[in-house]
Amino acid sequence: MSTRMKELLTVAVIAVVSVILYLGKVQGWMTGFSFSPTVSYIVIAIITLALLYILYRTIQGKLVDRRTVFVFVAVGVSLPFFMSISQKMPISPEVQQLYEAVAELPPGSKVLVSFDYDPPSAPELQPMAQAFLQYAMRHDLKLIIMGLWPQGPQQANMALEVALADPEIVAKNLEYGVDYVNMGFQVGNEFVIQRMGSDFKSMFPTDYSGHPYEELPLLKNIRNFSNIDFSFNLSAGYPGTQEWVQVAVDRYGLKMGAGNTAVQAPMIYPFLNAGQLNGLLGGMNGAAEFERTVGLLGKGTRFMLSQSFAHVIVIAFILIGNVAFFLGDRKKNQ
Amino acid sequence: MRREVPLFITLIVGVVFVLQYFIPHYPFNRMNGWFSDWFSIVAAFAIWLGALNLLKISFMKIINRKSDWFYALVIILSFGLMVTVGFAGGEAYREPGTVFSWLYDHVYTPLSATMFAILAFFVASASYRAFRARNLEASLLLGAAFFVMLGRVPIGDWLTSFLPEGYRLPQLATWIMNFPQTAGQRAIMIGIALGLVSTSLRIILGIERSHLGSE
Amino acid sequence: MDHFAVWIAAFLTMGIVSFLYKDNPWYKLSEAIFVGISAGYWFIALFWDSIYSKFWLGKEADPFLWVGVFLGVLMLLRLIPKIGWISRWPLAFIVGCTSGLYLINFLASNLMRQVQATIQPLFGPDFGASLYAAVGSIVIVVGTFSGLVYFFFSKEHKGAFGATAKLGIWFIMITFGASFGYTVMSRMSLLIGRIDFLLTDWLGLIR
Amino acid sequence: MSKGNRKYTPGRCALSAVLLTALGLILAGVPVATAQESSPVDTSVVTDSLKTVSLLPVTDVEVRDNPNDEGGTVRISWRPSTDDSLGRVALYFIYRAVAADGPFEKIGEVTAGTFSLLDGNASDDSSYYYCVVALDTKSAKAGLTPDMLVGLPTAGPVSSSAQWFNFQRINTFVACILLTTFILLMIQQAKSGKKLFIRKIAGLEAVDEAVGRATEMGRKIFYVPGTQDMDNVQTIAGVTILGRVAEMAAQYETWLQVPVSRSLVLVTAREVVKEAYSKAGRPDAYHEDQVHYLTDDQFGYAAAIDGMVVREKPATIFYMGAFYAESLILAETGNASGAIQIAGTAMPSQLPFFVASCDYTLIGEELFAASAYLSREPKLLGSLKGQDMGKALILVAIIIGTLLETFGIWDFSRLFSVID
């Protein structure tokens, strides 16, 4: 078959599949579809067998194509969405530390939450944000929300929406401007933090929707970081936790905890070890653990099964690759 | 003139910006903020240079009918579209409901989120292809990765549930993160700080000057 | 309209994903749209956030902001070939500020602070609490020390010095391994998030 | 090289170090002279109105300008109320007024066991009077009316002021001077002809080979300076190394292409490449569009480079600068296309992937050493040596400090404290 034909065929197949998917969604053919535990275990067994087959092929000296690896990852991450297997999860000390730092804040404490991430990192950080805001609101902490990334405040609003829909929080009749505010985004990276250290208002003359600083009762006595009891930073890179530690913690003595994408987290551990941070949530796993500690299960917990699968698949491929390497080595030596 | 003036400017502002850290008095306490304002203003001006360059190269592709000129046209059109709706939207261009925010939510976000997400595939293929226990160093890397990856998901706890509490995979992963990992990370951090200080000094003193171009 | 939006998003998502198989027109189209839209996005965002909000937003502009405008205009002189070299002045200014600021920030937070945190009693308060804690603080001191030795440039890595440097690179490798594990975790989470979009928002398979 | 640098003789370096330190000390002395005298307060008087809400006496209230700051802050401290140790005090309320006799306004409260407060709302232009009262739980709940404070002992007047030197940062100042001295000293030695040994850095040894391979294959070299702007020193380092690579590319007559993601980097990189081509004697071979802009967006940039790598199949790719998540997308695609890849970054989280997917990787500090290493200019090599002296000092400090701390002799680590 010529390349041209192949391309046309691909387009045709994609078009047909799209139509079927569209009809499927409109008609609701498969909504709420899920595996029973038995089927789940059978699926797991099939994946294991397939991996063993790849191992066998590799031992025979045929390295699989990277696209095969891609397919395994895609399948291995998608299928757990339909499974319902419960998992036990231990809580790591850095998550416990954050929980304790927040739990011991007296009601009415002012907590600054900075949303320093954008939609691409949301899968990891949004569950943390939701759990944190919800927990804080249930325990009557006053929330001051801001963002050093332009899209941060939008993410904050999405998390607030979920938190405010919680029946226990609805019952509290929280009021915008009194119990929580969203100050919005400000350009200037770490310099914003620095200015806030001496004069909060100069960086945020108005909130996200344009209300002047003076008209928000929550901000009445807030001049700088000395008026903030705790801060929580959700970060996906620069500017993020490192800058908050360098400026707000080291120079102004702010008490801070952080939630980071798993990529950032290892770099943050030295700060944790040096006592510059009170607790750290690393990645989706950190989010899931935090959800468990505060007893508000959400997406973080739900996605943990996929996460487990993904890790096992990556480890399996590392092992398979190394088996190939050692066998290849032996052949060369003979 | 072409070289001395820039070198002089770098020297003066570099020294002033080092000193401002030690001087809490006005105007030094405000310099950080000014710099960030200046930088973002200069960047906002300079992006004209970048955008014009992107348009120029794309136009050249179309005019010369180079292969893939059609995609150059798509670049120009989508750039033009975003800029038009961005300016037309006025001050509230980012508010929900504007065309700009629609494009942001349904075009920009899925594209960048997907580009970010396909990293998962690359991570897996790099693991399969490149991470080999060639020598002791590589084995240490793999070992640490293995314990951390298993220790950070529930399955790690399940696999080592026969061990006494406190010595299972999750605790081992926590230990690796908190001690050897932190130590290595710290050595890298201190090294980087030293390298950065010395590079900055070389730039301020004009010893490193190639970024300023020729006479 | 909502349907349409989700389909556009899904179309572009799959376009990027198709690159995993091989380069193809679908990817090229998605890529071109991505480059154009994102360049436009930053162009617009910089204008409104960096210029408009500082000068027009009804607040009194700090007179020092005009220094930035002046530098910006000098930068644009690059468009005129004959006097383009003047743009080196704002460049020199930016580079000077950056060097000064970073020198101090990294010296204080990454160097002083980390050295301070490393210097601690070898048998810390947790000593004896568990095997992990007992070994931990010793590991920190030894690891940081030997890691730094590895970064020595002006001494050949031989003898005892070389052995220490070797130990240092082991610690650095463990750090990389841990980093690698965390990165896998992070990337998989992002993929899970994207698949959640496809399965839930697009196909409606999961409630 | 140039005459301008002659002035850094060792003697002068030391002299200037001494002078600068002296300057620091003089500046530091300024706030001592102008700080407000603290005013102890006579607290023997406890008025009737206080007794009714069981207020407890607070002794020795001291108010003074908070030192080492930009003004606007007053520190209030007091001796614990005698009832504090008995557990009868719940809170301390702190009041402020602009006149000794009021009216007083509450500015803060602290829980028992805390004996100081920073008032960050002061203005440098006015002077203030403060008063502190201790309350038990019941009266704290009941609250106080301003008239209850009448006749209460006050402390003041005090006004806040800004200082000209932050004395708490003297250690950083000394570290800065020391490092500068080391580096300048070594540069001086290097220029006077002393041979300096620099250990091999594998990634940089390979640069020559990588450029040569591109020439043999008749394919392009890509140079990616990262996704950050010129306000990041890693980008500056990346652009500096670009100069050395461009010089080699010009000598080998190989096409070097530099896609960038920031406009300021575009301007700088053009200067650098142009300079390098003329240095190599090939100014005619330089073409402005060798350096071109794509988009400021991290992943848009990565997507575009991916496409370019797959379609144009460069023989060699350099990644030097600050990288985030895009590092792996780029390095894996480059690897799949079969290019030789040399990477260098000081982003610890991205290093493992560069190590896995590239042929050579510069780790952290090595990135900053690269331009010195490649150019072999004595001045630059000297600065590497100076850097190492700093490192040696840190190592010694770690050993001595750990010993002192372990045997509980002295809290050595305090020397490095940077918390204000």
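Letters A, B, C and D mark the chains as written, and numbering starts fresh at 1 in each.
To be clear about the criterion, contacts are C-beta pairs under 8 Å (C-beta built on N, C-alpha and C of every residue); 3 or more make two chains touch, one makes a residue touch a chain.
These figures come from a predicted structure and were not determined experimentally.
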item	value
Given chain B and chain D, the chains that contact each of them	A, C
Among all chain pairs, the one with the most C-beta contacts	B-C
Centre distance in Å when chain B and chain C are each reduced to the mean of their C-alpha atoms	3
Interchain centroid distance [CA atoms averaged], chain A/chain D, Å	28
Gap in Å, rounded to a whole number, between the CA centres of chain D and chain C	16
Whole-Å gap separating chain A and chain B, where each centre is the average of the chain's CA atoms	19
Sites on chain D at which at least two other chains make contact	70, 169, 172, 176, 179, 231, 233, 236, 264, 267-268, 271, 294-297, 299-300, 303, 311, 325, 328, 348-349, 352-353, 355-356, 363-366, 369, 384, 387, 391, 394, 418
In chain A, residues with contacts to at least two other chains	66, 70, 73-74, 77, 120-122, 150, 187, 190, 198, 250, 263, 266-267, 270, 273, 282-283, 285, 307, 310-311, 314
Residue list for chain B, restricted to those that touch at least two other chains	18, 21, 29, 32, 35, 37, 39-40, 42-43, 46-51, 54, 68, 94, 109, 111-113, 115-123, 125, 127, 129, 131, 141-142, 145-146, 149, 152-153, 171, 177-178, 181-182, 185-186, 188-192, 194, 196-197, 199-201, 203, 211-213
Touch-based graph of the chains, sorted into line, ring, star, complete or other	complete
Residue ranges of chain C touching chain D (in the complex, touch as defined)	16, 19, 23, 27-28, 30-31, 34-35, 37-39, 41-42, 46, 75, 78, 87-88, 91, 94-95, 97-99, 102-104, 107-109, 111-113, 115-123, 141, 144-145, 148-149, 151-157, 172, 175-177, 179-180, 182-183
Interfacial residue positions of chain D with respect to chain B in the complex	4-5, 24, 27, 68-71, 162-166, 169, 172-173, 176, 179-180, 183-184, 187, 229, 231, 233, 236-237, 239-240, 243, 262-264, 266-268, 271-272, 274-276, 278-279, 289, 292-300, 302-303, 311, 325, 328-329, 332, 335, 346, 348, 352-353, 355-357, 363-369, 371, 379-380, 383-384, 386-387, 390-391, 394
Partner chain C, residues of chain A touching it in the complex	7, 21, 24-25, 28, 30-33, 67, 70, 73-74, 77-78, 81-82, 120-124, 150, 185, 187, 190, 205, 245-246, 250, 261-263, 265-267, 270, 273-276, 282-285, 299, 303, 306-307, 310-311, 314
Chain A partner contacts - residues on chain C that touch it in the complex	20-21, 24-25, 45, 49-50, 53, 59, 105, 108-109, 113-114, 116-117, 140, 175, 178-179, 182-196, 199, 202-207
Residue numbers on chain C that touch chain B, as the complex places them	5-6, 8-10, 12-13, 16-17, 19-20, 28-44, 46-52, 54, 57, 62, 64-65, 67-69, 71-73, 75-76, 78-79, 85, 88-104, 106-108, 110-111, 114-115, 117-118, 130, 132, 135-137, 139-148, 150-151, 168-185, 187-188, 190-191, 193-194, 197
